[in-house]
Amino acid sequence: MYDINLFNQTADAISTVGSYLATRGWAPATSGNYSCRLNEQLVAITVSGKSKGELTRDDIMVVDLSAKAVGSNKKPSDEAMLHTSLYQHDAQIAAVLHTHSVYATVLSRYYASMGQMRLENYELLKVFSGNTTHDMEVLIPIFANSQDMQYLSAQVIDYLKHNPNIHGYLIVGHGLYTWGKSLADAKRHAEAWEFLFECELLHLKINGVLL
Amino acid sequence: MYDINLFNQTADAISTVGSYLATRGWAPATSGNYSCRLNEQLVAITVSGKSKGELTRDDIMVVDLSAKAVGSNKKPSDEAMLHTSLYQHDAQIAAVLHTHSVYATVLSRYYASMGQMRLENYELLKVFSGNTTHDMEVLIPIFANSQDMQYLSAQVIDYLKHNPNIHGYLIVGHGLYTWGKSLADAKRHAEAWEFLFECELLHLKINGVLL
Amino acid sequence: MYDINLFNQTADAISTVGSYLATRGWAPATSGNYSCRLNEQLVAITVSGKSKGELTRDDIMVVDLSAKAVGSNKKPSDEAMLHTSLYQHDAQIAAVLHTHSVYATVLSRYYASMGQMRLENYELLKVFSGNTTHDMEVLIPIFANSQDMQYLSAQVIDYLKHNPNIHGYLIVGHGLYTWGKSLADAKRHAEAWEFLFECELLHLKINGVLL
Amino acid sequence: MYDINLFNQTADAISTVGSYLATRGWAPATSGNYSCRLNEQLVAITVSGKSKGELTRDDIMVVDLSAKAVGSNKKPSDEAMLHTSLYQHDAQIAAVLHTHSVYATVLSRYYASMGQMRLENYELLKVFSGNTTHDMEVLIPIFANSQDMQYLSAQVIDYLKHNPNIHGYLIVGHGLYTWGKSLADAKRHAEAWEFLFECELLHLKINGVLL
């Protein structure tokens, strides 16, 4: 199965990141969910409905890659499948973070009909793993919101299979999913996306044009 | 009457929530007031004029459901009747929070003439007790401000009797009242409303149209 | 002269308020200055050029009502005379706070040519000492910025002599002066003004009209 | 070489400033870098890729004025040369801070084609070393972003040689460089710039015109 010490360390690391993300205002009203890979088959993930700024080990559980509870009868986040399908899709993904910020919510609705947002001319684009310059274009796809996680995760994975070098996606009115090769990577990506969303929204407001 | 241990626990819980709400900027200049049901007849509520980020047990008092002080001669918040009329109206309400944020203030004035604000396409709508999808419409009524609490509370209760599934209301230029079946529920609702108000205001600004 | 214990208590109270105001972002880059009356002749006031979030007793000094140092050769804030002229003008004033926020700065420039800003329909107007309803109008005068403190303080006091019930003023591109019958009063007023400035600016942005 | 106690003190001072700047949101996703002069030849500077809110002595290294590592094989920030060229240019510069804020990012893009931003009518202009009044104009040059640090630093130094009394510059989509005769000076300047950028952006939004 999994090593209990590894689980405890992982749960504590998730709690620390959760506390940071909540302080930034990116987890209002128990929204958001976070996970970390334990091994090839198992994932530690936040349980459903907890306040993300005050997570304890009890608020983290283990699921397999089909999002079924392992070793407990806790209820994983409704969106656990959005996490596990990413781990299934790419063996290099070690952590997935879903934040729920004002900027991601508003921008995802603004660009909903275009199905994506294009970011360029930001130094911070270098932050995404593999990028070495600001002089490029970063795309983030935007999916319609749905309560059908099977459908939504299938859409996401299908998109990822056809589009390499994607570091996150938005769900309309719902927020950001991003990931990384470690929890630190995923956290850095979340910070970068949220910064870029805030920039892009201000940019839209003073320039006053779409596209 | 009431159990002193229950009162102390409740007062401490209100102080903790108050400290959180004040840190978020939702209780400027001693504004806001908070209450929790102690039993069928009595309510613990913040006294008038205190800084909401630094509440002690001394700053919480007991009132009956007509907002009269019980067991002390402290002065309850001017708006105590807005709390107690809710407890009278619905036996399931266990906590009431009144926040006073910039976004609620500005939006309540913007939509004042419509008497309500309509929210849709937000995942966070699921947060309100009883909702299970984002694919719905949530209404929040907006009442004209008044210093006549008897008149204002009568208006609110009359509205609630004719409109089920209401989770909060706005007073013009004054802020939000929301509630729940527990203090944690009410706090989650307050966080959700304030998040949605901020989203809605940004949404208005980049889309530039009313309705 | 003055009681050293009273000075120490007052200095500590000013430091606590300073730390709060700095945390709110209302004292960037050593801006802002704060004072408290010690007795009919003397005032405790922040010295020049200190970071307002980390004040110690050493950063507070005593001046007389003409803003001259008493009992030390420390240099008072350049704007000490704006404080002392208020204490001279009104024996009831016990504390004066000058905050330097983004919102006050931007609004004071926007309304500069009108010489005042008019606030109405805000519940928070009740916060100013003596007000009992939101159903009123609160005026805040706006003075052109100047490095000539004698000239500027004369203008302010002349205005106050002809206009009763004024609780603060703005200097263009420079920020807010407000006061109260105690330090707690002045702090409550500062919080109320800054909240109202933020509301008014958002209100302007979504309604898009001046006046 | 350099005194280890001086290095340790300097590293701790940089960490303290870094923690403050990160808390303000000016160092998202490991962005930003900070340095302090140790003596005429050597500089303490943050290493590459660290989270700026949690710097330890290990995250600070020594470089010479050509940005080469001294006494360690750590990798300095990619932008170390932007720091060291400033120390070479002006013997009075004792600290350099590069912040990466939303406001600096958005404004630097907005004014990119003009190559500079002009600030006037702000009391806070007095904060920059040598200024004694608000009644003046402060220019901040804006350079196109580049990953070629040799080219970028040559452009900056050439500009500074021809323009006295410059206290900072912007790189498009990338943020602020500012400096001072001490770390405290540089921090005060960073705070002033970031405050002025936020003011200028709000000013643009409510006045709705460029220039």
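Each chain carries a letter (A, B, C and D) given by its place in the written order, and its residues are counted from 1.
Here is the rule we use: a contact is a pair of C-beta atoms (placed from the backbone, for glycine too) under 8 Å apart; a residue touches a chain by one contact, two chains touch by 3 or more.
Please read these numbers as outputs of a predicted model, since none were measured by experiment.
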Self-check item: Copies chain B and chain A - interface residue numbers shared by over half, same or different
Solution: different
Quiz prompt | Separation of chain A from chain B, taking each centre as the mean of its C-alpha atoms, in whole Å | solution = 32
Quiz prompt | Intercentroid distance (Cα basis), chain C paired with chain A, Å | solution = 45
Quiz item: So which bits of chain D are touching at least two other chains?
Solution: 205
Exercise. Examine which chains touch each other and state the graph shape they make (line, ring, star, complete, other).
Key: ring
Practice problem: Sort out for me which residues of chain D touch chain A in the complex. | Solution: 28-31, 51, 100, 102-103, 105-106, 109-110, 145, 147, 171-175, 201, 204-205
Self-check item: Contact footprint of chain C on chain D as seen in their complex
Solution: 121-124, 127, 132-135, 188-189, 191-192, 194-195, 198-199, 202-203, 205-207
